[in-house]
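Note that the chains are named A, B, C, D, E and F in the order they appear, and that numbering of residues resets to 1 at the start of each chain.
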Amino acid sequence: MGIKVGIIGCGSIAKFRHAPEYQANPHVTELVFYDRNAARAKELALEFGGCYVETVDELINDPTITAISDCSSNEVHHIHTSNALLSGKHVLCEKPLAINVAFAEKMLEAERKSGKKLMIDHNQRFTKAHQKAKELLDQKELGEVLTFKTTFGHQGPEGWGVDKSNATWFFKKDRSYSGVAGDLGIHKIDLIHYLLDDEIDVVHAFHGALDKVDETGEKIEVCDNVVCALKTKRGRLGTASFSWTYYGAEDNSTTIYCEGGIIKIYQHPEAQLIIEKKDGTVIKYELEPIQTNENQTNTGVIDAFIDCIINDREPPVTGKQALACLKVIDQILGL
Amino acid sequence: MGIKVGIIGCGSIAKFRHAPEYQANPHVTELVFYDRNAARAKELALEFGGCYVETVDELINDPTITAISDCSSNEVHHIHTSNALLSGKHVLCEKPLAINVAFAEKMLEAERKSGKKLMIDHNQRFTKAHQKAKELLDQKELGEVLTFKTTFGHQGPEGWGVDKSNATWFFKKDRSYSGVAGDLGIHKIDLIHYLLDDEIDVVHAFHGALDKVDETGEKIEVCDNVVCALKTKRGRLGTASFSWTYYGAEDNSTTIYCEGGIIKIYQHPEAQLIIEKKDGTVIKYELEPIQTNENQTNTGVIDAFIDCIINDREPPVTGKQALACLKVIDQILGL
Amino acid sequence: MGIKVGIIGCGSIAKFRHAPEYQANPHVTELVFYDRNAARAKELALEFGGCYVETVDELINDPTITAISDCSSNEVHHIHTSNALLSGKHVLCEKPLAINVAFAEKMLEAERKSGKKLMIDHNQRFTKAHQKAKELLDQKELGEVLTFKTTFGHQGPEGWGVDKSNATWFFKKDRSYSGVAGDLGIHKIDLIHYLLDDEIDVVHAFHGALDKVDETGEKIEVCDNVVCALKTKRGRLGTASFSWTYYGAEDNSTTIYCEGGIIKIYQHPEAQLIIEKKDGTVIKYELEPIQTNENQTNTGVIDAFIDCIINDREPPVTGKQALACLKVIDQILGL
Amino acid sequence: MGIKVGIIGCGSIAKFRHAPEYQANPHVTELVFYDRNAARAKELALEFGGCYVETVDELINDPTITAISDCSSNEVHHIHTSNALLSGKHVLCEKPLAINVAFAEKMLEAERKSGKKLMIDHNQRFTKAHQKAKELLDQKELGEVLTFKTTFGHQGPEGWGVDKSNATWFFKKDRSYSGVAGDLGIHKIDLIHYLLDDEIDVVHAFHGALDKVDETGEKIEVCDNVVCALKTKRGRLGTASFSWTYYGAEDNSTTIYCEGGIIKIYQHPEAQLIIEKKDGTVIKYELEPIQTNENQTNTGVIDAFIDCIINDREPPVTGKQALACLKVIDQILGL
Amino acid sequence: MGIKVGIIGCGSIAKFRHAPEYQANPHVTELVFYDRNAARAKELALEFGGCYVETVDELINDPTITAISDCSSNEVHHIHTSNALLSGKHVLCEKPLAINVAFAEKMLEAERKSGKKLMIDHNQRFTKAHQKAKELLDQKELGEVLTFKTTFGHQGPEGWGVDKSNATWFFKKDRSYSGVAGDLGIHKIDLIHYLLDDEIDVVHAFHGALDKVDETGEKIEVCDNVVCALKTKRGRLGTASFSWTYYGAEDNSTTIYCEGGIIKIYQHPEAQLIIEKKDGTVIKYELEPIQTNENQTNTGVIDAFIDCIINDREPPVTGKQALACLKVIDQILGL
Amino acid sequence: MGIKVGIIGCGSIAKFRHAPEYQANPHVTELVFYDRNAARAKELALEFGGCYVETVDELINDPTITAISDCSSNEVHHIHTSNALLSGKHVLCEKPLAINVAFAEKMLEAERKSGKKLMIDHNQRFTKAHQKAKELLDQKELGEVLTFKTTFGHQGPEGWGVDKSNATWFFKKDRSYSGVAGDLGIHKIDLIHYLLDDEIDVVHAFHGALDKVDETGEKIEVCDNVVCALKTKRGRLGTASFSWTYYGAEDNSTTIYCEGGIIKIYQHPEAQLIIEKKDGTVIKYELEPIQTNENQTNTGVIDAFIDCIINDREPPVTGKQALACLKVIDQILGL
């Protein structure tokens, strides 16, 4: 018996990632789209061969829908996702989980009450290079982790949204909430938690709107750059940089320094993972090219979400993990 | 008329950098060596064809000596350098300038009183790639600088000193004072000041002794790793990492993110400087390979020091600049 | 208010360069096509969404047409372009300007009388690599130019025209006039004038039909190869080779030898511009791949032509400059 | 029975090429050195284990000497070589054969009279890449030759002579006679004759002293650059450039354009010979790196000279061939 | 007058190789398709614009058909091909010629009787690299052949057939007859015969079904791996490996060791043919990439077949040659 | 207390491998050399700072000698090694263990009786790439091994021995016994046994003297080429080629085909080990370059031998294992 999925919010992330990946998943048999702007829902229904509804309640109350992707704006995640959970749906919520910790905690409360699965779309974990790095780190091939560096930056989100301009919601305080920190930073915070099997404990950071201007020519209200020094609960030290002003090639690199060598991720176009060992040995893994805004391949997130429903497993990215990331973002922003 | 130079302290830095570069400089006609361990002074006198003296006072009071390199241990720089200046010598002092700010300020006082030149050996400024980057930044080829990243790390100083073991003075609190921060960090702090024509204003950092042990097997007393988030007076944000525990290839890279593109220094083995521009243009400069502990070429420091004496110019690295770096190191270490 | 453009002659150059580039230009709102063979005009009108006319006079006398591309055969440029100018149109004339100097001088006369703009399609100036080289030469980054070498050659024009055979008009004396000299040579003569801000003064050359045969198997009447030694007014010396018989990869390279180093253009597949300096520094510019007959990208010529009309600027390639090139071709051919 | 060889003139060419290659040849058993400056002869005798004589006549009249290398200055070749031949010696004369055609003709007269062998050191013929190209051309693998390009240029001869300064004899009218034309050009003229089995018939050229100055700061009296358009007896067209002012990497490249493809020699650091065929096939020959002033390997010239003596064969580079080259140089210089 | 061709069997080989290559051949004017499963014949008729027939006899008896491709299953080649020959058709028969030697001999008998041409699709001979190797070997550029190595292996035929599963006929004893030996091995046996102008005389081999299972999960009945030591009539020694279990990149390499060097075929992605000579010279031929199951280009086989009909030449792969290969396969399998 | 070592036989293997590696081993304090030709023993004693003896008995009976390297000719291994063992020495015997199985069995008998250690110099096991491959195979990273290919070939042993000519003992029946099979083949047979943790069970092979001639111009008496098909006890199939007539680069490659991918050893100059996996992942290990006759680095064999003495462990290559290899060689040669 196939799974019927509802998608709330029909922006770019729904169009380019959720909808096509549900379509490609063999267990998903039907798609229902909702967007405040019904035209957008209709368009996706057409493109991906499903139907659409006019109100979010139709979706949430439809008893034949088993699972929901919450691709709504960040500021309403806590409403839609909580309602969906409490209506008995499994929910895959886009990142960031919520625009503040209090909202996020209510979502986790809804998860607990409902007994349904809540998964968050921290998709960095699912790339081949990050999965291989995780495997090597878990096996302690290079001993314990000592320090790390991680970066996520590109030329900015103006080109990503539907309207490709600097009027983008990413630049609005009330909708994006945390600027580049929530857009890019949260991905790599989650990745560090995942790879190191550890949690950021203390953050020292600076953030600011250094270059981006909105449609009126004013400096944007949210930060376009974050730099941090980080310390984990297990005592590892690291730096992180998140930026919308890297005006060259996109950079999604991470380096993990261990007792026995170094793991370099996404630093070479052909070898996505490189290991340098103390004795001079270099091991190059040619896996798959990194996903960039220009290179969209299957993230694996949808398959993982459907899989945890079918096999009744814990989601690979839990609400609790996402909350931990959100708290780090709060520390970064000094909230 | 040639210049007679005295060298105080005959360890590795004197042997591998100062002595050979003085020897290669056409204006230097005589070398006099001093070390607390007279045997080492004698050895260098033999190797580089000069003489040696038994006491530091002989050197400082020799009226025929015009210039002095202070290659003594960090903890006595303020004594030897100050005395030399006050005795009318120009002094090139090894980095870090001193083991605390108070001592350093006294050295600057001595410089002022004596009217002699004090230069500090922050040699990173002199590499071809850094000089080219400086030129591009000064000309604003890529507009203003927004953010930056800098790193200096290798497998540790155990292999550098004369005795190649973890009994090295680099690991001793009372002699190295600031561990990797003073050994490697101060180079890149100075470099950032130089390249950006700016000064680090606020530092958020973590530091610790994460891996290195001394000859007794105890964790070392000074830090082997530093990670920082930095903010400059002109509002640029950046990260820096300094490490003795990068157990792979040495990393002395710096990245400068500007309004019009990115400058990548020492990130590619053949192209020491790479520019990525907003329009996709990539420019690769094949200059000279970076100096590493294994690849020692002429630093240009000695030539610059002699040049500022002969032409009565301000030294390219002043005591004031070195003091500014020292204050940043103090911030890093939370002093 | 948009610009209405007329195109005279609907051969390959109109189809592959002029029409699509006008279509892509935001200021051009209408296209009108004319060809002696009305079917070809009709076909392009269909493809690029404009209309066509049956006689050239309709085009030239249409008061709503502001600008005209003269893509007619070389032997009638002087008629159509002069008429168009005198009818008050700005004209972009294909190269070579005319089949002899006398005709060309009449065209310049028409330009002067009409007060309209005459631009010639010497498109080599507009490639990214040539523009960057020009910038470096103007800034005297490598000092003064001493000597140069330039080449333009490929397997021949048989494959370029509409009928892809050796019955091509390029091989006919009465239509192509100057063979490879006018087809390829004039491009690089103009480029040398442009890059060096100088003019070829004396030419020593050989030319001949060494290999190409026409549809009857006879050696062609125009030259398929030119080799020259060149001297500029400012005393620079160089060589040039133009060929339709380079039976390997196309070669459109130029090398400029300066007092401080060498500029190599289009000699490496990835780095379109390479600078070698006296001190051993090598700088590689990865710009865009060169245009070849197989790789047609926007030349920038149409945009430049429209831009000089809108902003009432001097065309970037003037009739006077084109005449200078034509005189060099005459010298090459010994006319 | 071994061959005893005399060397006239003990400058760089004798020291770095003739003497070591005679020493390495198994048939040569004794070396005798002569130089106007006896000290230099003595030095080489010491280094290569031979004896030296005080006057050139001792050498020329020594009945035990079979063969002579004439490494004297260009302006006395015709004297020494003619005398040696007429005294019954086989002579290997350095290039250029003589400083004018009349002298050269007398040398050929001496050769004819003496019945001895006269070989000229046009060593370009002997490199592996040139030999392979010759073989391919002789076999007509790519059909007939149509056109060609050849170049020989570097940063100038100042660093080559014994005294490494711009007081070098290469810059003196009375000793070098033809500047870069005789130094570098004659090599490539000979090479073109050899590869194409043809002879330059008409030359159109410019030459000049564009950049080099002598020890007084005056422009040099001989040309430092030559550019030519060339036509062979069999109707092939080509260009040639010879330069002492290529202030980047040395360039000794030649390209031969044939009916069926292109032969590229010394244009790629690893593949010294590359063939591009009409059908797109590319064949890369990795032979040996080209000889430059910095990379001196066995030229093969000495072995070939000794071999033609032992086996009584015609020398691979005859006086007649060298005379033909000299006449081309005369045409280049407009003499 | 064009040739009308019949195709017997409409599986993958007909669809991807025979039909499109006949379609591209200028001499072939009509195609007629037959398959036991008429739907498949119909489909190809539609795709390639021919007609189809319901019985094989219609095809064989059609007097307007000149040539036939026998793409039927291996076990019926001897029936269809023999009948076609005896009906006066020229036949191109897929490999392997037949499932046993006796059948094959009857086919040759039919060929002799009919006087028609029988060609076998041993297409390895026709690749550019193999043709170039043959030319070099025939010319004895490297002297005589001493030894050789050849391999043909990939991940298995499951993905090649129409039904892309391990129910493939390749795995069935009664249809594929000889497993990987007949599928891949016969290609390389024929290639060795062709390249060396020699014949395998004695074979020592092992074969087995080491890994592949059929649709029931049982080990397959035919071999998935063959390894052999080989000796030719002229005394050359070699090894061969044929495999359906190379679970990485496809390998179709051959190495020929000669008295003067080594010929390496299909061992480098860009240089399909590499020659290493005794003296260290390496010659790299960049021809065309090898055909793999994923990279299907024109094999040249159809053109060669049509050419031998039109010009009444002996087919480039004769029945006799194919029989010789079949006998080697028998030896390999110990039959 | 240091170990005193005796070396029997002072040919190339003693001079280039045993002596320098003993000298570099920190536990070895004295070296004693013996050779039938006392001059050679004396020479090595001089070079490596030991003493030499005139008779082999002096060595074998010296009670202060703990360990012996038997570098004598193959035909006397069984005598010297057995005697040494029975005199209470640990013995490292060069490969091949003996010239026939019967002799080898006596040596194992001597080992058993003496209770001393016998190790054989099968040094291929010790290279980094082979050790890494072993580790990956033991961990079944790619599942079970299915098939394999191995090769060992070069231009021949003429250049290896002391007298560098084709009078070498390698070419003599009575001294080398098994030609290339014993020289190169035994290394790779042992390697296959080691890597696969398996043993060759059946061998089908051809061998012959195809090209090499001895000093009289006669074909040599031993084989210069071997080709084999191999089957192991656990059912894996493979091919092997051993050759002295690979007249290009040396080839010491091995490929292991597994259920989940392929391991390629020594097939790429920079990545000595490459893994290709079923899913397309490629992993490249940059370890150390392979040892060739031109590139001699520490084999690790001597260190392993000394280590097993000091720690009383089983030698990493036992007499039993060497005997198994010898039996395979016998099968290859049909003995």
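Definition applied: a contact is a pair of C-beta atoms (placed from the backbone, for glycine too) under 8 Å apart; a residue touches a chain by one contact, two chains touch by 3 or more.
Keep in mind that this is a model prediction, so the values were computed, not measured.
> Strictly by the touch rule at the top, which chains does subunit A share as contacts with subunit D?
none
> Would you kindly say which chain has the C-alpha centre located farthest from the C-alpha centre of subunit C?
Most distant chain from subunit C: F.
> What is the chain whose Cα centroid lies farthest from the Cα centroid of subunit B?
It is E.
> Let me have the rounded angstrom distance from the C-alpha centre of subunit D over to the C-alpha centre of subunit F, please.
Centres of subunit D and subunit F (C-alpha means) sit 51 Å apart.
> Distance from the CA centroid of subunit C to that of subunit D, rounded to the nearest Å?
42
> So which bits of subunit B are touching at least two other chains?
Touching at least two other chains: none.
> Touch graph across the chains, line, ring, star, complete or other?
ring
> Record each chain of the ring in the order reached, setting off from subunit A and passing subunit F first.
Here the ring order, subunit A leading and subunit F following, is A, F, E, D, C, B.
> Mind pulling up the subunit B residues that touch subunit C in the complex?
128, 271, 281-287
> In their complex, what parts of subunit F are in touch with subunit E?
Within the complex, subunit F contacts subunit E at residues 142, 146-147, 149, 151, 153, 155, 202, 204-208, 210-211, 225-231, 235-241, 243, 245-249, 257-262, 276-278.
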